[in-house]
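The letters A, B, C, D and E name the chains in turn, as written, and every chain counts its residues from 1.
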Amino acid sequence: DPVNVFAAASLKNALDAVSEVWKAEAGKETKNTYAASSALAKQIEQGAPADVFISADLDWMDYVAEKKLIKSDTRKTLLGNQLVLVAAKDSGLKLEIKEGADLAGALARGKLAVGDVKAVPAGKYAKAALEKLGLWASVEKSLAMSENVRAALALVARGEAKLGIVYATDAKAEKEVAVAGVFPEDSHPPIVYPVAVIVSSKNADAEAFVTYLSSPKAQEIFTAQGFTILK
Amino acid sequence: MTGLSEEDWTAILLSLKVASVATLASLPVGLALAYILARFRFPGRTLLDGLIHLPLVMPPVVTGYLLLLSFGRKGPIGAFLDECCGLVFSFRWTGAALAAAVMGLPLMVRAIRLTLESQDRRLEQAAGTLGARPLFVFATVTLPLALPGILAGSILSFAKALGEFGATITFVSNIPGETQTIPAAIYTFTQVPGGDANALRLTAVSIVISLFALIASEILARRLNRQVASFS
Amino acid sequence: MTGLSEEDWTAILLSLKVASVATLASLPVGLALAYILARFRFPGRTLLDGLIHLPLVMPPVVTGYLLLLSFGRKGPIGAFLDECCGLVFSFRWTGAALAAAVMGLPLMVRAIRLTLESQDRRLEQAAGTLGARPLFVFATVTLPLALPGILAGSILSFAKALGEFGATITFVSNIPGETQTIPAAIYTFTQVPGGDANALRLTAVSIVISLFALIASEILARRLNRQVASFS
Amino acid sequence: MIEIDVGLARANFTLAVKFTAGEGVTALFGESGAGKSTVLHLVAGLLKPDRGRIVVNGTVFTDMAAGIFLPAHRRRIGYVFQDALLFPHLSVRQNLTYGRWFTKAEPNGITLDQVTELLGIGALLDRRPTTLSGGERQRVAIGRALLASPHVLLMDEPLAALDIDRKREIIPYIQRLRDELKLPILYVSHAIEEVARLADRVILMAQGQVKSDGPPQQVLSPKAGPGDDRFARASILTTTKPSYDPDYQLTQVSHPAGAITLAGRLLPQDGPIRVVIRATDVTIALSKPRELSIRTALRGKVSAISEPLGAVVMVEVELEGGEILAAAVTRKAVDELGLGEGDQVHCLVKSVSIDDRLMAIKD
Amino acid sequence: MIEIDVGLARANFTLAVKFTAGEGVTALFGESGAGKSTVLHLVAGLLKPDRGRIVVNGTVFTDMAAGIFLPAHRRRIGYVFQDALLFPHLSVRQNLTYGRWFTKAEPNGITLDQVTELLGIGALLDRRPTTLSGGERQRVAIGRALLASPHVLLMDEPLAALDIDRKREIIPYIQRLRDELKLPILYVSHAIEEVARLADRVILMAQGQVKSDGPPQQVLSPKAGPGDDRFARASILTTTKPSYDPDYQLTQVSHPAGAITLAGRLLPQDGPIRVVIRATDVTIALSKPRELSIRTALRGKVSAISEPLGAVVMVEVELEGGEILAAAVTRKAVDELGLGEGDQVHCLVKSVSIDDRLMAIKD
């Protein structure tokens, strides 16, 4: 049987590639199901036939862990990501992001597109970082929150929003935007993608796949997509 | 040639199956509800009406979540149906069909109800004087006269089923080959860089399917239209 | 008491405004489209019909994205409307209303079209013989006779507007007080572990609003129903 | 046998009728809005009265006090509605045979072929009702009711939209239904001649009430006539022993007051033959005239002359044998002839003015 | 003035009619399905012919060759439809006044009060059409058409659902419209008497074709009559100089062949007065009779006797002055009286059998 992987939607490109390599190497298959981490977590709670869960943030992995739905010994933190400030490609805008940076000035009364600061992981990180850097108050009223980080990116790419805060992985692939600045690592909680095997899984290959996710081959694919590998 | 991957085709065929089954399965239910709402006054009627509209009023994600809670493997209805009839919805294509049917139901019911309410009820009464029992009247007069509404309701429901996403992905997730319908596949594409072209291709497929369904319904409707009077 | 925060109330009032404006604004458009589809045969008719159904067929997110492309500040229509009439949709509640209107349009058009197609057209012709110009006939005969459909279409559109989420958040984002409607607020709650209770509270508000709308429409409809013949 | 005693209150209209109608045709007669159609709806079970009973052929259709209300489909009625009410989604043929689903082909039943032949709708069978002319629609509605093998017929102005030739073809058939199948028939019509010829009993209605009720001789006779309309008055004479003269194609029937000549040949029928004579068709002569084209002269003596109010007075003549014949005569003629009660007179009736085709007479 | 020359092909029916109808009432007469309503639809602009022209009062309504098709709302017609077609969402009052929106109150126009009075629908003004009886609906439909101040009236069996009293009240009004407003009126009816009294011209239709077309005298007269129906035959005499006898409430009009007595009083009108006499109402006498209640005896000589086929023959009498009067007489009477062409006869007509109320005579 293929391994049923429930993964945050933003991992699709990378994870599909890893699955392919794994299939070629180990002869085993996975079936990858992508959705918002929140939806996946609740579905696992309701008995979804998942073997492996990869969340886009800690909160939802903690949620399933608390309900004792994952094998805690298989949990690990797989990947990291960076938070960047993006602007339209032709704006030529560059901004060093630090305490006291003039983000509001750079916005010039335009909108700052982010993921939903309560709901979407990228949004939550963005809010944490802005607060940490003391910029929150100056831009709070300018936020345009989206259902997911890709939608936020689209707003910048389409010129609707002046600036956006997204993952480096997304910024990298969108030709219409340029990275205007990178948020310091310590300005927000570590951006992590935790992974674990589900308690109810009876698939013997599940743990093997999780292990494979940390193999050099897999890591190469992840880094190529812009993810960082956490030690 | 088409630029569609095998996975795309799987999603397309699944969507067709889900939308067809959802429409057909919700037809009798929609018809019964429309009939009850159109023809009877009883306490709780407005509540029933409100209930039917719920999938429209609630965000699809909430509908999906409520479906998950009630029709999931651990939900009360889901567990019962599993036990009694071996009918499992959770994380199956049947669940996707259920979600689509529920989301399309208010549209189906309204359309049918509209034609039922605009019918000249004296025709039913005339059928009664000829000896037809109520059920026969329903089958031979009420139902045929409501066909335009049934057709319109089916088309709306089918189209909605093709596009339904929020409730489906929340209820039965997005499992390739099982619950990954076209909209779920599109969603996945939009969540990663560079997926837009794929998303648009699939969207186009949806549109073509719905156009075919529309054309078929128009042809049928034109046949029915004869019953409306006009001098010319 | 109600357990509703100030932000919740903002979302509720906004949702009411958005749903009302969306319904009212789409009425004339829906009416015109329904009339054209019901009464005229022309090349491209099926295409127009298909176009109207698109918001149903496409995942809402895609609809929202297409709205962004066309009605956004940089979109061709959006730019034009901004320039000519100062009408801006992006990140405004007007955009949320536009999204809701577009999503509800297929429902509105179908309902109106159904009643238009089941009308006895000889009544319009009778009005013509009495000297009424087509526009007057439309206003005094066609329109009043289509009221049940207009009412049904409005209710469907209003309910859909209350529940619309995917297209709205994609098009105009989720800005508290400006574009954060009830569903957007609910969505936010559902994405936070433990937010379910808040989400349900807001959902209940939506349901209550829609029930009120339904009751109002039922009362109106009962008045109109007199025109259907029956012996008893 | 139809027994009705019901009450019904509507916003603008109150109905309270009570009558019994035996076998045969009972005509409901009366002005527009009098409540004729409402009575039929009540008998058909399409309307519930506020109070009262309706019993037909011994079956209790409605009894509000006992909480009985037999649904329409169990009443075995054939209803020809005032506005046809054909099923728009069915072909003419399907409309006609709709009632057939619920009745085993009854031995006495009329067949589809007979109905299409009688009503002249053979060419319409595959058409849709919306493409029919007004009269065609009405004929299909009649056929649909007949083919349901009803035990009671309710007919609401069934012939109003038809041309005279077609009317004259259909009326004898309704008479045959009445006579052969012994169906009770409730028949609404505004045409006195139709009513006079067909009805065994006439119920005259006005404003939801029965104003007059009895055999047509009585209800349509001078004293009880509806309104002051001389054209609405007719007398009905009971005659016997028809004999046919094939040379002149005339039928003679016997009446105590003299022979009555009718044009054409009577269909074979048992029992007495009713001849309806309109008051305007009767001429009064003091002596039996000669050199006149009139064939029928009935002896009698003047029994009453109505109040001399307008231009026309009604002269009632008690014919030999006791039946009353009414004649409409100008007041001037009464004066000039010096007519008074008790005078012996001859009542002249043109045979040609008696509409034989309405009487089941065959040319 | 209405000029029609059109063709129309339908799946089961082909229409090809050509006729001209002057001022006054033109009756369309003919069996069910003959195409009468179709002609009205064409004149109203509710139907496009395949070919042909329709010109009314000098205005080209339709000219297919020239690509002219005036829309219905610019034709200024008043159309009384065969099935009423009231607006179900409007009250009776709103239905009645619907046409008023498009016409400035015209000097000659009839008022709402007059219409409700004439049609007896005053009590219905606030009702909905679905709650009306069949006859009430039809009356409202007539009122609605009249109130639109039309320049042409199209009436499709407008009186079919009405009782006789109501009919007799409405007909004189239609005559007044004809005479005072000089409206051309196309009038479909199955009732010969209605047609005979009202029509200036009768178009007899069958199977989509005009079978006969001319003044009623001609179309409804013996030779050209519809079918073999003696009841459909009537003669029309042109009379002058009405004089009224207030004592007896009788009107006498002059005719070269003798005076004709009518019951009641003529409404004041100019010009000659048309008297319609049904063939079945004429009795032939060889000598002028006495002691008879008949008031009218017209002199003339037999000009033709129809083929002696059935029981009844038509005797045509050329009255003094040249007009023809048809009498329906049994063949036996012809033989017994020894009637032959050229014989001098007296034609007796009962005044009471002439339906004065259909003639704009007032009691």
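The rule is simple: a contact is a pair of C-beta atoms (placed from the backbone, for glycine too) under 8 Å apart; a residue touches a chain by one contact, two chains touch by 3 or more.
This one's a predicted model, so the numbers in the text were calculated from it and none came from an experiment.
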Contact-graph separation of chain D and chain E, given in steps at minimum: 1
Chains in simultaneous contact with chain A and chain D: B, C
Result of counting contacting C-beta pairs for C-D and A-C, higher pair: A-C
Euclidean distance of C-alpha centroids - chain A vs chain E, Å: 90
Centre-to-centre distance between chain E and chain B (centres being mean Cα positions), rounded to whole Å: 59
Between chain B and chain A, distance of the C-alpha-averaged centres to the nearest whole Å: 35
Centre-to-centre distance between chain D and chain B (centres being mean Cα positions), rounded to whole Å: 56
Residue list for chain D, restricted to those that touch at least two other chains: 46
Sequence positions of chain A contacting 2 or more other chains: none
Shared interface positions of chain B, touching two or more other chains: 61, 65, 120, 122, 125, 187, 190, 228-231
Every chain pair meeting the contact rule: A-B, A-C, B-C, B-D, B-E, C-D, C-E, D-E
In the complex with chain C, residue positions of chain D that touch it: 41, 46-48
Contact footprint of chain C on chain A as seen in their complex: 36, 38, 41, 59-60, 62-63, 111, 113, 116, 118-120, 143-147, 151-152, 154-155, 158-161
Residues of chain A that touch chain B when the two form their complex: 4, 6, 9-10, 12-13, 31-35, 39-40, 42-43, 46-49, 148, 150, 169-170, 172-174
In the complex with chain E, residue positions of chain C that touch it: 120, 122-123, 125-134, 136-137, 140-141, 144-145, 147, 224, 226-229
Parts of chain D lying in touch with chain E, wherever the complex brings them together: 11-12, 30-33, 36-38, 82-83, 123-124, 127, 131, 133-136, 139, 156-157, 160-166, 190, 192, 227, 229-232, 245, 248-250, 261, 263-264, 280-281, 283-287, 289, 291-295, 310-312, 327-335, 337, 348, 350-353, 355, 363
